[in-house]
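Beneath this line is the structure, given in C-alpha cells, with notes to follow.
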Amino acid sequence: MTDALLQVVQGGVETIDLGRQLRVGMPQSPNHPQFWHTLPRRHGDMVRSDGSSAANDLITTGTHVGTHIDALAHVSFEGKLHGGADATESCLGGKYVEHGVHTIEPMLRRGVLLDVAGHLGVEHCEGGYEITVADLEATAERQGVTVQRGDVVLIRSGWGARFAEGAPYVGGPSGVPGVGEAGAVWLGEHGVHAAGADTIAFERLAPGGGHALLPAHRVLLVERGIYIVEALDLEGLAAAGWGEFTFVLVPMPIFGATGSPVRPLAVRSTATSTGAAS
Amino acid sequence: MTDALLQVVQGGVETIDLGRQLRVGMPQSPNHPQFWHTLPRRHGDMVRSDGSSAANDLITTGTHVGTHIDALAHVSFEGKLHGGADATESCLGGKYVEHGVHTIEPMLRRGVLLDVAGHLGVEHCEGGYEITVADLEATAERQGVTVQRGDVVLIRSGWGARFAEGAPYVGGPSGVPGVGEAGAVWLGEHGVHAAGADTIAFERLAPGGGHALLPAHRVLLVERGIYIVEALDLEGLAAAGWGEFTFVLVPMPIFGATGSPVRPLAVRSTATSTGAAS
Amino acid sequence: MTDALLQVVQGGVETIDLGRQLRVGMPQSPNHPQFWHTLPRRHGDMVRSDGSSAANDLITTGTHVGTHIDALAHVSFEGKLHGGADATESCLGGKYVEHGVHTIEPMLRRGVLLDVAGHLGVEHCEGGYEITVADLEATAERQGVTVQRGDVVLIRSGWGARFAEGAPYVGGPSGVPGVGEAGAVWLGEHGVHAAGADTIAFERLAPGGGHALLPAHRVLLVERGIYIVEALDLEGLAAAGWGEFTFVLVPMPIFGATGSPVRPLAVRSTATSTGAAS
Amino acid sequence: MTDALLQVVQGGVETIDLGRQLRVGMPQSPNHPQFWHTLPRRHGDMVRSDGSSAANDLITTGTHVGTHIDALAHVSFEGKLHGGADATESCLGGKYVEHGVHTIEPMLRRGVLLDVAGHLGVEHCEGGYEITVADLEATAERQGVTVQRGDVVLIRSGWGARFAEGAPYVGGPSGVPGVGEAGAVWLGEHGVHAAGADTIAFERLAPGGGHALLPAHRVLLVERGIYIVEALDLEGLAAAGWGEFTFVLVPMPIFGATGSPVRPLAVRSTATSTGAAS
C-alpha cells in the first residue's frame, strides 16, 4: 500500500518557488559578507584522458544573503540568547552549538500568506511604513484565513517587487516597510513556528535608520524562539492567490552558523488546487 | 476545503534527514575548494544601543561538498554538455546559464532506496567494488520495490557509515564501492530523474585511482540528463527499512553553478508509515 | 667587508608607508570581490594541554583591493594581452601563466613623486579632472625632478585624502581625477617601469561614467607593458616633500592572478635625507 | 645630491626571492583555511564597447599559508599575549587591534642565514630532529657570521627542498626538523627581531605529533615579542652562499589579523657581492 503522502505527491503537485536566485551583485544587507560565485575550473581547463572534463565552483558568502532564515543564535538581547543562554558562552570553539542553524528542523507545515499590500490596494507599502496589527487582522479576515499554532506566516508588503532594482530594495534613505514590535508580539501570541517577509530585514526599517534597531527580531528570535525568513519572493504566491499551502523549507545544516540561505516552496496538490484564495 | 497535500501533512509526517551536516574538516573531494565556516561577528563584538547584538557568518566553499547535487553543467564529454551544447560556449560571462544548478527544479518525487549492502549482508561493500546490474536487480527484488520512470533512486553501499572516519571515506588507496558504467546505463534505461549514493563520487572508484575516470558521470549527466546526488547519509533510511518514500530535494538556486550542497529528505505520512519495508 | 647596501641600511633608513590598511568595509572597486577578514579561531576557543592557544584568520578578497598592482594579464585589447598573446589562450587551466602577477619581479628602484595637487595649489583635483601632460611636466619642473627610464612614477591628485570617506573616494557621480590616454602615452615615452596614483583606478574616471572605459590601462598594460599601482596613500610622501626615493614593492606571488594587494614603501637613508624636496 | 640608499640601489642590486609562489594545492598547515585562487572574470567574458576586457581574481585563504609571518597576536599562553595583554579582551570587534599583523613594521634589516644542513653536511635534517644551540653556534662559527641584536635570523634545515613533494613537507608521521625551546631561548638572548625557517611551523615537530605543542612559538611570540617567518625558500640563499644580507619583508597590513603571507627578499649590492659566504 502506498504511503498517503506519496499518493498525493504522485497525484500531482504544483510548486511556487519563494526563493531568490543567488546571483553575484544581487541586493543584500551591507552587514554581511557579499555573495560571490566563480568557476575555478571551466570545461576545457583540464580534459581527462577519456575526453571528459569537469567544471566546478567556489562560493564565498555570508549566510544572511538571498532568501534566508535566521537561526535563534543570530540575535541576543542583554547578553542572552533565546531561553536565557549566555550569548558569549554559547559560542564553543567558534560555533553556536545550541541555537545554530543546524538545529532548525526541516519544515513541512501549513503556510499562510498575509498579502497586506493586496489588502491595502497598493503596489507596495511605502518605505518606513509599519504594518500594524490591524493591518494583519484585516488582511487575514479579507482573505478568509486564520493563523494557527505552528504555522509559517508570510507577510507581503509588495516591496519584494523592487528586488531587481538593487540598492533601493535594501532601503537606506527610504526605509523599508514591515511589521514592528507590535506585529511581532501578535505573531508570537498566535504561536507561529516561523515568520517571513518579502523584505531584507523582515521588520520595518525607519527611513535612513539602517539596521540599527530591530525590535521584532528581539521579540521573535530571543523572546519567543520563532524563526525569521527574509527576502522571500512572494509575488508569484500573491498572483496565484494562494492564502494557505504546504510550506517546505530545508535550511542548510551548517554546524554552528547563525543563518542559512534557503529556497522555500509553497506546494499544493493539483487535484484540489483551484487558484483561488482558500 | 483544505488542499489534499496539506491535509496529509497536517495529519502528521515523519522525516528522515539524508543530508550531512556541513562542518569544517569533514571529508570531501580534494578537487573542490574546502568547506569553511567562521563567525566574523560574535555576540558581544558590537552591542547596539538597545542592548541587542547580532552574530553572523562567512562561508567559503566549493559546491560539491557535504551532501550535494551535480548539475548537468558539471561534466562534459568530448567538448559537449548534455544535449550537445558546446561546453566552452555554454559558459557565458563566467556562468553556466543553460545547465547550471539554478535550472534544477525542486524535487518532490517518489524515492526508492536500493540497499545493496543490506541485500549482500555486509556492513559495507569493499573499496573498489563495482555494484553490478545483477546486484541492483536482486536488491530491488528482495525489497519488493520496482524502479519507475521519474523516480529518484538511492543506492546504499554502506560506505557512508565511514563518513565520520574522514580520509578513509574519500577512498584513495582503498578505492570506493559504487556502480560503474553498466549500473549507470541500467538507471538510465529505467528513466530515473536522479540517482544518489552514500559515497563521495557516486560511482565506483578504483583503488588508488582517484577521480580520474568517471564513466557513470558521463552516462548520467551528459548522455541521459540525470542528476547525481553524492555523499548521502542513507544509514537512517536503511535502519528504518524505508524502500519507498517521498523524496524532497531543493537545490540552492546558485545562478550558473555546477552543483549545490543539498539536504534531501525522505518523508512519509505517520498515518500509514509502518516502519517495515514497503 | 660589509655589503654596500647593508652598510647604508645599517646606517639608518626612514620609510614612508604608501599602502592602505586592509580593512573590512574600506572603499574598493565594485567590480572586484569585497575584502573580508575574519577569525575562525580566537584565543580561548581551543586551549592546548600546555596552556597555549592560537588564533587564526580567513581572508576572502579580490586582488584589486586596497593598494594594489595590476599585472599585465589584467587587461586585454581586441583579444590580445601585452606582446600580442591571445587573451583567451593565455589562460591555461584557469591561470594566467605568462603575464600573471607572479611574473612581476620585486621592485627596488628609483621612485618619483609628481605632486600635481601640490603644484596646482589645490587640496585635490576635482572629480573627473584629466591631469594633462602639461600638468605632469610643470609639476616635474617645479619639483626639480626628471623622470628617467626604469623609474616608478607616482602621481598625486590629492584625491587619496578622501579614502576615509568611503563611497565618495570610489567616484560614481563625481568622477575621479587622473591622467587620461595622453598622460599614459607620456609615461610610456619616458620608459617608466610602473606608474601609480592615489585613486582607485589610476586614470581619470568621467563623472557618472564608472569604470567603463579605461584608455590609460590599455596604453600602459597592453601596449607598453608598464605596471599600474592603484589606491596609493601619497599624503605622507607629499607632506615630507620627497620627490625622489627608493621605491620598494613586493607583489604577492599568486600564481596566475591578475593583480595583488601590495604595501609599497618609499625609503631614504637618514644620513642624507633632509625632508626637503630633492 | 642623490640619497645614499638610492645611489647604492641604482648602482645595482641582486635579489634572492625567499617566498614561495602561492599556488592552489601547495602544502600548508591543516589548521588553516586552504589557499584558493580563481578567476571570476576571464578575458572574453565581458568585452567593453572599446574592445578592452579585464580579468580578475577571487582569493580565499588563511593567512598562515605559503611563506608567512606570525604576528604576536597569533599565540597566547595561559590567557596572555606578549606583554601580558589579556588574550580574550585583546580581540575588539573581531580584530586583534594591539598585536595584529598590521602592527608589524616593514623590515629592511640585516639578515643572517644559519645553514645548519650545510654545516652538518646533510641534504636535510631528519624529520623530528631538534636543532640544538650547539648546532646553531657551530654553524655560525663555521660561516664566520655573528648574530647581532635586531637581526633577522633564518635557519635552514634543508627540509624546504621537500616543499614540492607536498604532504611529506608538512610532516605528519615523519615529524619536521627545527629548533626547540632551547634554540628559541638562544635566539631571544641574542635579541633578534625575527626568526625564520624553511619549514611549515618553524620549530621541531615530533614524529606523529602534529602541531599540538609549540614551545618555540611561546618563547618567541609570547615571551620575547619576536616575529616568526615560516615556509621560507632558503635553497637559493644557501646555494649562493650568502650568510649576511639586507633582509626585506613587508607584511600585508591586514587590520587585526594574526599573520600574513609574505614574500621576503635577500638583497645585496652587485658592486660588492662576491657570491662567497660573508
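Note that the chains are named A, B, C and D in the order they appear, and that numbering of residues resets to 1 at the start of each chain.
As a working rule, contacts are C-beta pairs under 8 Å (C-beta built on N, C-alpha and C of every residue); 3 or more make two chains touch, one makes a residue touch a chain.
As the structure is a prediction and not an experimental result, all values here were calculated from the model.
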| item | value |
| --- | --- |
| Co-neighbours of chain D and chain B - touch as defined | A, C |
| Pair joined by the larger number of C-beta contacts - A-B, B-C | A-B |
| Centroid-based (C-alpha) most distant chain relative to chain C | B |
| Computed distance of Cα centres, chain B from chain A, in Å | 25 |
| Distance from the mean Cα position of chain C to that of chain A, given in whole angstrom | 42 |
| Gap in Å, rounded to a whole number, between the CA centres of chain C and chain B | 46 |
| Where chain D touches two or more other chains at once, by residue number | 24, 33, 36-40, 42, 58, 60, 94 |
| Category of the chain touch graph - line, ring, star, complete, other | complete |
| Contacting residues of chain C [partner chain B, same complex] | 24, 36-40, 58, 60 |
| In the complex, chain C residues that touch chain A | 33-34, 36, 40-42, 45-46, 60, 92-94 |
| Residues of chain D that touch chain C when the two form their complex | 1-6, 8-11, 13, 15, 17, 19-24, 31-33, 37-40, 42-44, 48-64, 73-79, 81, 87-88, 90-91, 94-96, 102, 105-106, 108-110, 212-215, 217-218, 222, 244-246, 248, 250-259, 261, 263, 265, 267-269, 271-273, 278 |
